[in-house]
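Below you'll find a set of structures to go through.
Two complexes are shown next, each including chain A; its partner changes from chain B in the first to chain C in the second.
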Partner chain A sequence: MKDKIIRWGLPVLFVLIAMPAVIHDTFFLRVVTEAVMWIGLAIAFDVLAGYTGYLNFGHGAFFGLGAYTTALLMMKAGWPFALALPMGGVMAAVAALIAGFPTLRLKGAYFAIATWALSRAVQQLALIMDITGGPDGMRLPPFLNPQFFYYLMLAIVAATFALLWYLLEHSPFGLKLKAIREDEQGAMALGLNPTKLKMQAFILSAVPTGILGGVYAYWITFIDPASTLGDLISDQALVMVVFGGMGTLIGPVIGAILIFAFKTLFWAYLSDFQLLYLIILGAVIALSVVFMPNGLWGTLGGFKKKKRDHENKLETSLEARLQKNEGE
Partner chain B sequence: MPEPILKVDSVTKCFGGLTAVNNVSFQVQPGEIVGLLGPNGAGKTTLFNVISGYYAPTSGSITFKGQDISGKQPYTLATHGIGRTFQVVKPFAGLSVLENVVIASFLRYPKRADAERHAWQILESTGLADRANLSAASLTLAGRKRLEIGKALALEPSFLLLDEVVAGLNPTEADRTVELILQLKQQGMTILIVEHIMRVIMNISDRLVVLNFGEKIAEGAAAEVAKNPLVIEAYLGEAAA
Partner chain C sequence: MELLPQALMDGILLGGIYITIAIAFSLTYGVMHIIDFAVGEWIMFGAFAGFYLNKWTGLDPFLLLPVVFVIFGLIGCLIQPVIHRVLSGSKGNPLLMGLVFTFGLGLMFQGLAMTVFGFYSNSTPSMFSEGSFFFEKFGFSLTISTVRLAGLIYALAITMALHYLLKKTNFGLGVRALALNKDSAGLMGVNGKRTGALVYGLYVGVTAMTGVLIGCILSVSAGMGPQYTIFAFFVVVLAGMGYLAGVPWAALLLGMVQSIFLIYFDPGHTLLAVFAILYTILLISPKGLFGRGV
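Let's look at the complex of A and B:
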């Protein structure tokens, strides 16, 4: 697994780093920057959704909180971007801590509803407060360097991916989260503290999301409650993760790329039929839940695993038969 | 008499108006296998859940190795050395058999490589090694019950609570599980076991504790308890006694 990640990850990273030197199209760079951002949002969403089994419909609130925190610190407190950005992550972590205590006791749909409601409350706050500019949003000083934002986004998402890969696929933490997902009561008997693990997962999911929100604010230079705190961020991350494959790191990356590419092409060529986009998005999610519950990556990987299981079973039964024959 | 490893001291557990366990006391000595008997609904599983920390006792106390553990969380008790299985087995169905045991091994072996090595040993000793890479969901009931024991053993407990690990198995599988339990006893494990199959529990237990309607009605060696009129009444009805 480790070798595979390095064998595939390094060339991909190299191509992504070299790309702006070869392709000078600003629109294209902008699209790829946003795609990279969505990869980050999707893998962060999957920490809780796929690995821990909690669908967080308030994921977008972490993004918005990060965006607003960075914007407010820069505009109202005069902080430099380099200091204001990490505070976006800190703010998201604090929000996760506060929201996690009551909501992580809930399960399934109840958790989804509670986090959705909390994120609505955060959006309402941003709408009525003076300091956030209410529905008019906030403007940030323009810093027009697309390459800077591309590399910053890439660095943050690559670092997030590496950290999540280490924690979820390599260290015991990931398996412990999966144990919580599969059976919380059973996990407790094995010495796992579900409250603590779920809180850690929640914060791990929130921090990169908040930081990405901060980058987004400075990059787009304009944020308002609808664009950074709306439903669409959580919904889209959910679709990417479910479509790509929950409970894996590669799945959400694939899901994010495909869904984002589809969205971009749709807006570029079929922008007269905007309504259709959401309908298609809804259909994709419904169909993939029914026909591909493990997502694209899980389904492809599942075939391989099934074959292996089958072979293992054959071997086992052969061995059993041989032993029996010997016994006779 | 040596210091008991487990002391259940007048434990009562109520759910609203229902008293599931009523003022039960008994002790378990190190290295002993104690059988917990009783008809359906007698409160055996509730008592298990109280001892293993899933329920806090309404009153009374539980002492483990001289320390009051009443009301402590299950994951804390696991570190103290209490391992348990569930009557309704709880495999991590989406994970492999090996991963199931590795998760339990993390308690004593925090490093992944060490935990995996330990898990393989457990799988060997419980006869699951050939199915290590299969998904836990693909195991038969016998396999799942074995996995329950394996996960509990991976915690390297000094005290094991087994909740109906034999019930539902065919005679061959049952014999293999009994053999495993006797092996554990030889290694010095202390075990409290709930089991409905009399043949099993009479044979492997050093002592029996019998519950009925939440109360302890008898305690002692198997032969004695089987003759106790209260026990016969609980199982067969008043006329038989």
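Let's look at the complex of A and C:
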């Protein structure tokens, strides 16, 4: 597994790093930057949904909290971006602590409800507060350097991916989370503390989301409750993870790339039918749950494994027959 | 202070409506063990069904309730097998998948409604819409609109009917058995698949009927769903998940909160207050106000 990620991951990373030097099209760079951001959001969502088995319908709230924290610190307190950005992550972690403390002790459904209600409440808070500019949103000083944001986004997402890969696939932490997902009481019986682990997973999921929100705010230079705190962010992250494959790290990446490519094309060519997008998102979620519960990656991997098993079986039976023939 | 009796009265009348939604919702949770994220969208579809049926036939929405119930009951019965399939799947985490599925369904419904019905807000006219009772005693004045009173009476009737169905009939016995233990109920001859479909149909039908009333009392719009989903959750979590007897009190509390915020504060803060209360309750007593939830 480790060889595989180095064999595949390093060339991909190299291509991504070298890309801006080759392609100078600003629009293309912008699209890729956003795609990278979505990959980060999707893998962060998957920590909780796929590995721990808890659905966070308030993922967008953490993104928005990061965006607003960074924007407020830069605009009202005059902090430099480099200091304000980590604070976005800290704020998201604090929010995760507050929201997770009462709800993570309970069954999954409570958590899904509570995070959903939280995202609505945060959105309403941003709408009525003066300091956030209410429905008009906030403007940040423009910093027009697409390459800077591309590399920043890429660095954060790559670091998140590496961290998650290590924690979830190569350390006991990932196994503990999976144990909770499969059987919480069983995990408790084995001496694990599910509430603490879930809390850690929640923070692990919230911090990158908040930081990405901060980068997004400075990159787009305009944030308002509808675009950064709306449901669409949670919805899209959910679609990407479910469609790509829950409980893996590669699945959400694939899901994020495909769904984001679809979204970009959709908005480019069919922007008159904006509402259709919502229907398609819902349909993709519902259909993948019914027909592809393991997601694209899991289903393809499953085929491969089945085929391999089948071949192995064929081989062994052939060998057995040969040996039998030889024996005769 | 002059407005307080009015606020409390409105709260009771409004809370009555929420009882029916939350009871049906709680019932589905008890039997199928899933949270239906599309509950608000069923209310929205019901409200639109009432609005358009009223427009086309000219009949009073209160007379249309049985029609709406039958239509939506059938839709629910037809959808439930898909949910059942998701929930009984061997792959992945079925309960999680059930949540995701209804969430996707809700998203789809929302987009569908916005495409078909547009963004306009309407209200369904009813024969009760105009009238109201007016009381004046001890220096307090109290206005009770007829339509809200009719809504409360409807809610009480539905609650009684559901109570009868659950406690006095064989079907209800099967439902309660399923809620206790799926496998044992199956061994005792309860058809889990059919009962599940009927309960889901019942829930969708009742929710849609309530939607018609909400359309009469408040308003009908394509974006109204999520708010009611949160309200339904609020009531069910406050009552304790799966604990039916707690539902009326939690629903009345929600009605009070809503009407008090409408009169004394900014109605825009209602959702914040709802969340704050929900959070506090989960913090202090995770199993609901009465500590009897699952």
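The rule is simple: the second predicted complex is superposed on the first by the 302 of 328 C-alpha atoms of A that agree within 3 Å, B and C clash if a C-alpha of one lies under 4 Å from a C-alpha of the other, contacts with A are read in each partner's own complex, and residues count from 1 in each chain.
The rule is short, and it goes like this: a contact is a pair of C-beta atoms (placed from the backbone, for glycine too) under 8 Å apart; a residue touches a chain by one contact, two chains touch by 3 or more.
In this text the structure is predicted, and so the values were computed from the model without any measurement.
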Contacts of A:Arg30 with chain B and chain C, given as first, second, both or neither: neither
Contacts of A:Pro102 with chain B and chain C, given as first, second, both or neither: second
Partner chain(s) touched by A:Ser171 [first = chain B, second = chain C, both, neither]: first
First (chain B), second (chain C), both or neither touched by A:Tyr277: second
Partner chain in contact with A:Ile113 - chain B first, chain C second, else both or neither: second
Superposed model, chain A: greater residue contact from chain B or chain C: C
Footprint overlap on chain A, where chain B in one structure and chain C in the other make contact: 181, 247
Interface residues, chain A side, partner chain C - complex: 49, 53, 55, 57, 101-103, 105-110, 112-114, 116-118, 120-121, 124-125, 127-128, 181, 231, 235, 238, 242, 246-247, 275-286, 289-290, 293-294
Chain B contact footprint on chain A (complex, rising order): 170-172, 175-176, 178-179, 181-183, 185-193, 247, 308-309, 312-313, 315-316, 319
Residues of chain C that touch chain A when the two form their complex: 34-35, 82, 85-86, 89, 91-93, 95-97, 99-101, 103-112, 114-115, 226, 230, 233-234, 237, 241, 266, 268-269, 271-272, 274-276, 278-279, 282-283, 286, 294
In the complex with chain A, residue positions of chain B that touch it: 52-54, 73-75, 78-79, 83-84, 86, 90-95, 99, 102-104, 106-107, 110-112, 115, 130-131, 133-135, 138, 151-152, 154-155
